[in-house]
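Everything below concerns the one structure shown next.
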Amino acid sequence: MSDLRIAVVGTGLMGADHVLRIRDRIAGAVVSAVIDPDTSRAEAAAADAPGARCFSSLADAIAADAMDAVLIATPGTFHQPDLLAVIEAGLPTLCEKPLTPDAASALEVVQVEAAGGRKLIQVGFMRRYDAGYMELRKMIADGGMGDLLALRCAHRNPDVPDSYTQQMLINDSVVHEFDIVRYLTHSPVTSVEVKHLKRNPNNAAHLDEPILVLLETASGVVADVEMNVSVRFGYQVKTEAVFADGIAEIGRTSGTTVWRDGRFSGAEHTTFKTRFAPAFEHEIQSWVNAAKTGTIDGPTAWDGYLVAAACAAGVRALEAGERVEVDYADRPAFYA
Amino acid sequence: MSDLRIAVVGTGLMGADHVLRIRDRIAGAVVSAVIDPDTSRAEAAAADAPGARCFSSLADAIAADAMDAVLIATPGTFHQPDLLAVIEAGLPTLCEKPLTPDAASALEVVQVEAAGGRKLIQVGFMRRYDAGYMELRKMIADGGMGDLLALRCAHRNPDVPDSYTQQMLINDSVVHEFDIVRYLTHSPVTSVEVKHLKRNPNNAAHLDEPILVLLETASGVVADVEMNVSVRFGYQVKTEAVFADGIAEIGRTSGTTVWRDGRFSGAEHTTFKTRFAPAFEHEIQSWVNAAKTGTIDGPTAWDGYLVAAACAAGVRALEAGERVEVDYADRPAFYA
Amino acid sequence: MSDLRIAVVGTGLMGADHVLRIRDRIAGAVVSAVIDPDTSRAEAAAADAPGARCFSSLADAIAADAMDAVLIATPGTFHQPDLLAVIEAGLPTLCEKPLTPDAASALEVVQVEAAGGRKLIQVGFMRRYDAGYMELRKMIADGGMGDLLALRCAHRNPDVPDSYTQQMLINDSVVHEFDIVRYLTHSPVTSVEVKHLKRNPNNAAHLDEPILVLLETASGVVADVEMNVSVRFGYQVKTEAVFADGIAEIGRTSGTTVWRDGRFSGAEHTTFKTRFAPAFEHEIQSWVNAAKTGTIDGPTAWDGYLVAAACAAGVRALEAGERVEVDYADRPAFYA
Amino acid sequence: MSDLRIAVVGTGLMGADHVLRIRDRIAGAVVSAVIDPDTSRAEAAAADAPGARCFSSLADAIAADAMDAVLIATPGTFHQPDLLAVIEAGLPTLCEKPLTPDAASALEVVQVEAAGGRKLIQVGFMRRYDAGYMELRKMIADGGMGDLLALRCAHRNPDVPDSYTQQMLINDSVVHEFDIVRYLTHSPVTSVEVKHLKRNPNNAAHLDEPILVLLETASGVVADVEMNVSVRFGYQVKTEAVFADGIAEIGRTSGTTVWRDGRFSGAEHTTFKTRFAPAFEHEIQSWVNAAKTGTIDGPTAWDGYLVAAACAAGVRALEAGERVEVDYADRPAFYA
């Protein structure tokens, strides 16, 4: 079987990274097109992908039949028209989160996809492909530790650029927990509440964090998430699952241990790129394998909508300082 | 210098344990008296302490000049008259927590002690003597990791007896966090809020836990405490301190590692007795050393009162489901 | 650039595994041919590789121009004629260890390759691609911990098949240390000594192990290797490096930690397949990338010869119970 | 029961430490006498022990009936006459290792004690009181992991004073392994062999180490000991026990974990004083408890002799570079 031809839309940090990953780590796929309105950036990325053509718009690439599948890595505000276009063109697509910037536009994508009758849009919630989360999900489903009661989570970044806003704490960062909590528990997030921890004086003036976000699922599980984007020491995503009969923890770093100067130590991640590198590879390989058969294998557009709705509640909770219930549209039969 | 003669009041689980500890692990002290209205229980405990006399009341022991210092290990509801008696008698005393069962009675003890002009009452908050908490306190004071922003705590018991009530989640268990959070941060706890995690089905019908308790200090630090008395696997008290520049964690078990049957493993504590054995020894040794000079060295009656006031707010928060502010009396100059 | 067409020779455990790995995890390559005299086994393996053709001999596959590169996964006793054939055909080849079963035949391969003037043979010492060993090698070269003084190694298998002989302790198992010690230290192994530890009563009658193998390098570093093929609990390869100023350890397992029944625990590997899965992927991807340019990138035929010579000394040491010096031929200028 | 009166002989580093330990951490004992020919050093130590008297010789202290028991902390070369004196005086005695500097003089002490008919001499092999070694001994005796096959040990010091000689590698350092290997395995050490690892360039000119010492027991267990007195980073004593069915490891440090600057880390010991502080306390408390009944509870003079004989073989092995068998006298019936 010949290689899947992938068009990468958007060649910023994330898109450029995906170009290299597909070239170096993914079996059965090639980057056949690189799409960016910024032509020089597109050409730089294409230089890393032997044989890839450059386009300044997705429409042009579709018209040129330049690909079998699409990977969207532009900012979320640009996603909706491209998503509608790939559904129209029948191209299996992996769309980096968020699906779209708000619940209403996400619901439109869902409705268009459902009307088309084919699952073509996969959303880039890569945590589902992380070995720890996968093992934890199995443990929960398995029931050997008794009921899951709580998830105690930490999501820590060393720092963020000045462009990172207060709302992005929810839309850019907690967004991952909205998906993974539901994925782990098989139960939707029904409410969100936000508590402010003591403000980190390292922060830019417009940022008030870390925060503690409390999510509750329909099944009664409570997840408390320390969302911290300024903790300097490194990048860390971990979860402690509290079961009726015991505890499980994922996300500890390991590797070489060094004894020096009266201490033993090991390296911690400093960026999501290394922390989730195996998850990204696993995610994209799974998608490539599915895309060759004309479909997807992972979080759907509907999952993307659910998270968008939860984020909307999260932003209201962040602003209001109160518990906010999440409001979901009915699930189309297509996604049952 | 001759050994400090200690009278142990109350020979239940805790008192009997202290008798053995003083005999086996404490330098410069002997158990000279064992006091319990249940004579046969007192005699059983005294049999473990060569030379100890039995009394059925503290008054009798004081009248007989049977001791230089007193260790109170009766249930909290019986503490107040005994505390007033030892103050009257001028005997340095270590009183197991709680000081008294409520803030009003605790304040009376404080006032009587202050009127007497000597610090005689030390409260048994043994976590202050745990190596991990001591190291963490030093790290916070030291400032090398930047401001302390949050404390993420877990207090887990394998199970509790049927007599353990819902209010005891606060008065018997979270009570320790009320003291240690203030001790670590040098700032009083100003509010309490309680969230219910998913109820553990292992629980007796009258217990609804685990709970997540949110404490805030005057300095803005938030401590979230998973209070869990039914987690089966073992006994665990741990804290993750979130600083501006990094993280510190205390309370992980260590010891012999065994590789068997495809896993590596190590022993976890199953009771506070082993988890805090070094802390209890350290606490009692410090108190003995101070008592020889007629005073105490550790949490005072005033600390006991502050915790009682916080517990009162905690119980209201548990029942009301809302954030409750803690109401403190003014600090007597005596404790400045 | 089109995919590298790989012929896999030998479809036993290892060969079948490589077929799946190339299909699922390697970028820019396809299995184009599967070669095994056992036709039904070859067909079974080919069924896993869409488009692959079956051959009963390497010669037939070469004649059919069925591949751009060769991966040899037959037992070592069959390697030599195939190695000579791929050199003759100019095909970049990854040959599973050992290069050949003895030093003399290995030297012949080396001489033929050198005469041909192209480096075509890479030997499958996958430890060089393990993250831990790579980090350790860098640390040694870097010098920040001072001189490397010793390596304390353990190589533990849960068990071995009845066909595993006493000599295979050296030729099949310690063989990896012969390569990696030299690779880490940049210095050849000059002597071998073998000590018997207490015999594991789990062993088959013909096996007397575990053994402790002492290797010395020209630079004076001593590696002591616990070679243990019957330790039941799991599969473990680890090394503690003793430097002048500190210690570094690689090979500890990590992952999800579970607290249950009074213990905390984590999974240990039970087979080299999972322990070295990332190393195998890294090794084969590196080789594929090089093979596309007509060469190799990794341990050479000369490295394979050096290890064969060290193994010969190791077998003599195992049998003689004495320290044996390793006898090496002069290095051909071609491998300088 | 009144406190045991202890005379501490020798007030160097070790003796002064024991004075403080008895005062601060040992129940039912007081330092009643401090003995040192260096009067000013004796007085300094006595100042730490309220009520202790100073003597310039053991004979004077015995004549003054100044103690119920003796703790000898002088250098080994001075032990023999004092040991004979305490046996003569019938005083339970804890003698820091070595019992005496050589096997012949140790045997004399043994014979005198046996003739006296009372076990009065305990030797300070404190590792027997370390929680890890105790747990490991129980695991070996218990048999649940199958036969013990090997012990892989490391004994690492940050550095040593210039007065530390090459022979002290055996007599001062490996001495502990000679006792503990036999204690763990219930089987005498029958041979010793020494291998030189690469010399640490940090060493003084007269020191050639680290060394690897191979001990074999009568039961066939082999212990390989990395003896390293110059590893800078800290103080570490650890052992990995290789059983037929699994592995157990003792001696890893734990405690507070700190995440900073891209690494997680924890404190390692830097001196035996902290590493073995609980073992020293446990040892002395056990001895005190036994001494009150006129006897000892721990390694006997015979154990001290056995280690002296093994050290003699160890020194020969260090010098000869060959395996040396240990030569033991017959065990007196008294120690059966």
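We just call them A, B, C and D in the order they show up, numbering each chain from 1.
In this section, contacts are C-beta pairs under 8 Å (C-beta built on N, C-alpha and C of every residue); 3 or more make two chains touch, one makes a residue touch a chain.
All of these numbers come straight from a predicted model, not from anything done at the bench.
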item: Chain whose mean Cα position lies farthest from chain A; value: D
item: Result of counting contacting C-beta pairs for B-D and C-D, higher pair; value: C-D
item: Rounded Å distance between chain B and chain D, as computed from the means of their C-alpha atoms; value: 38
item: Centroid distance [mean C-alpha coordinates] between chain C and chain B, Å; value: 58
item: Geometric centre distance via CA averages, chain D-chain C, whole Å; value: 44
item: Where chain A touches two or more other chains at once, by residue number; value: 233, 236, 245-247, 253, 259-261
item: Sites on chain C touched by chain D in the complex; value: 146-150, 152, 154, 156, 195-202, 210, 212, 214, 219-222, 224, 226, 228, 230-233, 236, 240, 242-247
item: In the complex with chain B, residue positions of chain D that touch it; value: 1, 3, 22-30, 50-51, 131-132, 135-136, 139, 145, 245-250, 252-261, 285
item: Chain A - residues contacting chain D, complex; value: 233-234, 236, 253, 259-268, 270
